[in-house]
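One chain, chain A, links the two complexes that follow: it is found with chain B in the first and with chain C in the second.
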Partner chain A sequence: MSVTDDPEEATLLERIQDDPGPAMRWLAGALLLFALEAGAVVNFVTGLFGPGMELPTLLSRELIPNNGFQTPAGVWKETFLGLSPAVAWGIRVALVYVYAIVCTWWLWRGYLVFREHYRYADWTPRDDMIDRLRGHRWGQFGAVIVFAFVIMAMFAPALGPTTVERTIQDPYSYTVDYYDENGELANVTVGQANLGARSQGTPDQNVGVMQYDEYGRFHPFGTLPSGKDMFTFMAAGARVSLFIGLLSIGLSGFIAASFALLTAYYKGLVDLAVVITGDSIMSLPRLLFVMLLSVVLADTWIAGIYSGGLLLALIFAATGWPILWRAVRGPAFQIAEQEWIDAAKSFGQKPRITMQKHMAPYILGYLLVYSSMSLGGIIIGVAGLSFLGLGVSAPTPEWGRAIDIGQSYVTTTSWHISFIPGILIVLVVTAFNALGDGIRDAIDPQSEGGEGEGSEAVAAGGGGA
Partner chain B sequence: MSEQVRQESVGVQTGETLVDVNGLKTYYDDGGIIDSNPVKAVDGVDFEIKRGETLGLVGESGCGKTTLGRTLIQLEDATAGEVLFDGTDVTELSGTELKNWRRNSQMVFQDPESSLNDRMTVGEIIREPLDVHDWETPQERRERVRELLDVVGLQPEHYYRYPHQFSGGQRQRIGIARALALEPEFVVLDEPVSALDVSVQAQILNLLEDLQDEFGLTYLFIAHDLSVVRHICDRVAVMYLGNVMELGETEEMFANPKNPYTHSLLSAIPEPDPTADKERVTLRGTPPSPRDPPAGCPFTTRCPMKIRPEKYEDIDPDLWVAIEVFREVLRERARAEKSLTEIAKEKLGMETRFSDIDEIRTELFGDLDVPSRVREHVEVAANHVEQNDEHAAREYLADEFGSICDAEDPSMHVVSDTGRTSNCHRHLPDYQEPDEFTPYTER
Partner chain C sequence: MSRWQYFGKRLLLSVPVLVFGASITFLVIRAGPLDPVSAIIGPQGDPQAYNRIREQLGLNEPLWRQYIDYMVDLFTFQLGESWVVQPERDVYSLLASYAPRTIWLGFWSVLIAVFIGIPLGFYAGLNPNTFSDYLASFGGIVWRAMPNFWLAVILMSVLSQSQSLFGFSWQNWLYETNVTGPPPLPGDLVTLLTSPDHFFPALKKIAPAAIVLGSASMGNEMRIGRTAVLETVNSNFIETAKAKGVPPRSLVWKHIFRNALIPLVPIITGEAFLLIGGSVLVETVFNISGIGYLFFQGIQNGDMPLVGSLMFVFILLVVVINIVQDLLYTIIDPRVGYDGGA
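After this line comes the complex of A and B, so read on.
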């Protein structure tokens, strides 16, 4: 920490040049971690502009295949190390999560390295927040589930026992090998195989949780009534939900924050206009309005993007910002009363920068809290729309549609079709709320109870002689 | 009248005028739908501040002193009047001109807890004004910040600390460093020590005085603590309800206040020497609402030396005070909001809390010997009130017991050879001077 006493402030880059050791070590680790998955990133990026480029990747299904066939002797062919598909799949899932955890831990280490070696300040208010979050069990529970969910969405193509392309979108262009009753290696299209793997609620027509179908394919979450693998469906659906949720919450958060800052800074008529707009939107029955909009806009070009996902995100953002704005308006007004805002005005700081620098950091926390809490609502909303047959159009996977499809099988042996997505939605939504709670307590310790506030008031009273 | 003041005050102080305030008014219209009267926070003040001096601005809370300070550095928009800074009317400035002018005048805020952004390091806070005005190169700015930290008595290493890590006094030093960053000529100090522990107050005051000597600063020192003002200010302006009541050299004013309001205010300070024989005037009531100030002298509703109409010169002071209080009660009641039920009850001729006029009369006049020439008027007024016509009652009383104090806004009179001015009708030749007059409450 001798850097602190250096009278010259250097940029972060210069500070790193001064003492490159820790940074370089960290960077080497980060590059290594990245290299393991570089193929997936390249594939994803090039995939945006055309057919994705294939590069060898550690966590790919090619490296650890779980699809194969069992010889009559009971030996698995074409699977990873000849293991059974269940084990091979399990290894891949485990590796994905280990990789994700290591990456996260490495990022955290990176922060610690910065804090220890390169940051000038010994202490910042953020350190306290992180410390408080460290002791918050409920928030951590939320963080863990959210983490699992996000990883599921991010690594969806590698996690599923098969791919969306093979089993859902184009099942008749791919084939599977298997040994038929006569003990001969046969070949059938995935589409046909699916027909034989349907879950229809009867004991002889059901592929339940952690079961194989008659073509030697392993289904961790069972199959859909159409015989498609449900885990693949769920993982891809997580991606869709997360995309819609994050995009719409990002947009509405941005709108909410901008309005809150503007109205708190300028007050008066600007505030009145936003209050009226926001309250009118809030007074509409939201889900009905969302349904109306998604039906009305269903035939426009925008509904074609991402199977209607973009449209849904925009609709949820347009109807959801007033809720977030309500949540941050109060804090924004409080901050606008602080004397440091006057101080900034008094030396001629530009309004935009004043809002950014002196107000925004204080409402960001609240925004995060309420965003993570309403993210759950959006996931439920999107699922609800799919449940009603609106929203994300088939065949793009969506959890709500699985619940809908499985409805009539709830009391049968195929109960898993509705049950698993239902439970996952509850879990994810609860987790986002828990995370929000955790963040709130971290940024604002007083909100936990009256005690903190009281003692502060006493201190303030004592100080004001 | 300001002409008169300006001529007289030449020679009071040797520096030239830096800030010249003429007829300044700052009204707030806070957009109330029902009550459309603006708050007249500053209601026509004239004064000037000499280069290098410290002008104190004192008054009870809510008298408009902070608003006046904020208007001088253009944190509030003036409603009328001008603020000449080195001859330029800064209320007219906007855009780049305003921004450039802002370098010249800065403010130190009252509450060090609220005046520093907790999410920025001390260095960033002090540096921000320099960044805004593109002062020299970034490296020179950093050096300047370290220099400023040293100047206000902090350590250069504090650059990367956060405000949380400092005590109230230290935080105020940071605020002072920020105010000085752009080398202003004029600094408004808005109760800079009132939020601090008494033990720290003296240190900050000394620092401010040292800085003034070192950089030739001109201060407007806003305060409600009169002992602090006496300690640090060259001249003092006493404010009441948006008006300057008295303005003059500190020592002289403290020793011999001329204006009735200053007199009351100063007599409220606890005397350091308890044996000193000094009469104490306790002010009754509260100041009127700045939305609806009295028509004549702003102090008229509470003044213990108010001029009486000639025909009542001889009545007992206690009775006179009772009449004054009676008038003020009616005034307050007119201001108090009537709830809908009360209005309904009134219309139905039922008893309301506004109809207890008899009780008030007994309370005020019960123990006194009220001559009939006074009693008859009080009764007429009370009758009006019983008829729910409070307005008529007030008019009637004003006609009968009112004087020049209720009718005319007094003007500034020069009251000493150092050019002290006081805003009171008693300085007119027809009346007894306030310092020769014994307040009614003390007789």
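After this line comes the complex of A and C, so read on.
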């Protein structure tokens, strides 16, 4: 029972109404998965308007607590099932990632269901792209690491062995229980406990990777010189980096695509104007100009939002769009030469529609490739700024600041402070580059090592940070 | 279009870029909330002195007036004087004392990157899909993704502790130098280049910083060198040369090597961007008081003329390098069209 007679004209909704079975089954699974984490979403949304509402959630620290204390007999109290904090924390991390993997797999299933039951065409070029990506091991490596990084950023509050608020922002308002030397249950503020858990580069003043401090707290990445838990710091820092990276790439990608379409469609004077503007911005040394802007605008109201994260994202977007625009300008000009664009013009189609429907889809792939590659550069740039003490202001965690803090401990027992953030940056940036490579080979198998290499190199370099 | 017409067009197009770049800089430093006066007199300065200094510096003039003065000064190369970092010192004399260290650093970072990155990339491209190719390619990719400042921190710490870590003292090796600090450059270039006692300590001192600063470009050169060689090896004219019986040695050197160099030109010139930007971080870590360090000081202290003039110098440098790159391109590869892109 079709609503319209011509099956080609039916919208997705109508096609689903025709055969609701598979879609409903998929939706039921999706709702179930969402229900497990609904509490976190509700908490986040209500948190925007006041104190967040607490609901039981599968992946919360309340359900699988890892903070407890050890009795003199060696039994752990208040932790999940009486397990040691390390194991409890490990279970929570594993659960978070299992949940994320299941969700992703379910989304993929959703796409397959759509492909099988609801898509009108049996085959589209996109199927081939996905097949090529499936055989691209290097791109998959990138995708896996990027996935792990994104999940780390998304689930940062649940992943850390403790919370940012407890250990970094307000350590003297929270307490931990522990048994002191006399075998008595004692109570001490987190701030004081942190003083006893400092990593200062000497063997007796160090809490290294995967170690407990003397208050029975587990530190997967060790502690900072101030005794604060470093994994919590890193997870929260991943969130800041990802936020800045995604927002600035989104904005500059949008500007770049609009300009590329406009200049390719109208050419002439519009093109010249954008070329000169873009060249001027690109002739400013990016990192230095970003520094200048972040110092100049440091006292404005916009720098107060998200500890300067929003400002940095805007600065990186404003200075980064010409690089992306350069990368998609060529493809956009090629598309503009095609016959179907001419046909659309003489058909009397509005320019905006022509650009949106007939040109944009072709440059989107390239945009994705270069965005993925520049994202790594932005992450490095942001870390470099916070290394110098600019950009994201303390106490909001940022990876570059950890490198700065640990500078003098690199060759001591507290080597982890500088080393781990650096390794993570290398991994994440390599992964974004690999993902970009994979997408490029998937959308355009002939392009391997084509002309785009030059701008690609600039995009991936992070402006020298 | 002849080569000279093309050159003229390129020059003409760079003028608006320069003007626009300088204007953006003006907008940021003068129209923004940057306040050099309170940096000069400190937070407790009295309002009268504040206003007097503002008047003296010409900050009470209308903005368009300041803009015209600023642009005229820059384009007649009157770079002015520093206000805060080193008060009343000419920017030219500041440049003369800070720039040599940065130039020395940049020179070696380009050279080291070129002489390690390109041969490795070519080697990998000539032996594709072998273990050493994978090792070199993977190394290049990871090397490229490393943040300069982190590499600098690690290298600096390891080198200063090399005695206790490896039983080999970097500080006392060949010449006695500290790991950090500016390189010991003599007053004039001739002494530096002719006397080994000056040349080698200065080189040894700058080497770690230069390796760090060149790291990203080195990875790029390697990757692109590899793909360029692979592409050239598989092209038709190499097949023809092989069929004609050209000996392998001359095939590699004369036909493959020279053609594979072409796509590397923009990468090498593009290093200039990375060097200018990266110099701030590397110079800060290694405590080399060069241009990047000076610029950073200028920004932090709100030293408007210093920052503006340095920015202008950087823009000029980038524009000139871009023109040189395009010219080089047309000379090396005559197939590159003169009217392709602005």
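Convention: the second predicted complex is superposed on the first by the 439 of 465 C-alpha atoms of A that agree within 3 Å, B and C clash if a C-alpha of one lies under 4 Å from a C-alpha of the other, contacts with A are read in each partner's own complex, and residues count from 1 in each chain.
Heads up, the rule we're going with is that contacts are C-beta pairs under 8 Å (C-beta built on N, C-alpha and C of every residue); 3 or more make two chains touch, one makes a residue touch a chain.
The structure presented is a predicted model; accordingly, all values stated were derived computationally and were not measured.
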Which of chain B and chain C A:184 touches, first, second, both or neither: neither
Which of chain B and chain C A:204 touches, first, second, both or neither: neither
Touched partner set for A:348, first chain B, second chain C, both or neither: first
Which of chain B and chain C A:358 touches, first, second, both or neither: first
Touching partner for A:339 - first (chain B), second (chain C), both, neither: first
Greater residue coverage of chain A in the superposed arrangement, chain B or chain C: C
Chain B versus chain C as contact partner of A:410, first or second or both or neither: second
Doubly contacted residues of chain A, that is, touched by chain B and again by chain C: 460, 463-465
Chain C-facing residues of chain A, complex: 272, 275-277, 279-281, 283-289, 291-293, 295-297, 299-300, 376, 380, 383-384, 387-388, 400, 403, 407-408, 410-411, 418-419, 421-422, 425-426, 429-430, 433-434, 448-449, 453-454, 457-458, 460-465
Chain A residues within the chain B interface of the complex: 4-5, 7-9, 120-125, 268, 338-340, 342-350, 357-358, 361-362, 460, 463-465
List of chain C residues in touch with chain A within their complex: 13, 16-18, 20-21, 24-25, 28-29, 32-34, 141-142, 144-151, 153-154, 157-158, 160-161, 164-165, 213, 216-217, 220, 223-224, 227-228, 230-231, 263, 266-267, 270, 273-281, 284, 292, 295-296, 299-300, 307, 311, 314-315, 318-319, 322, 342
Complex interface listing, chain B residues touching chain A: 31, 70, 73, 75, 98-99, 102-103, 106-107, 109-111, 113-121, 123, 128-129, 132-133, 139, 142-143, 146, 156-157, 159-162, 164-165, 168, 175, 178, 181-182, 194-198, 201
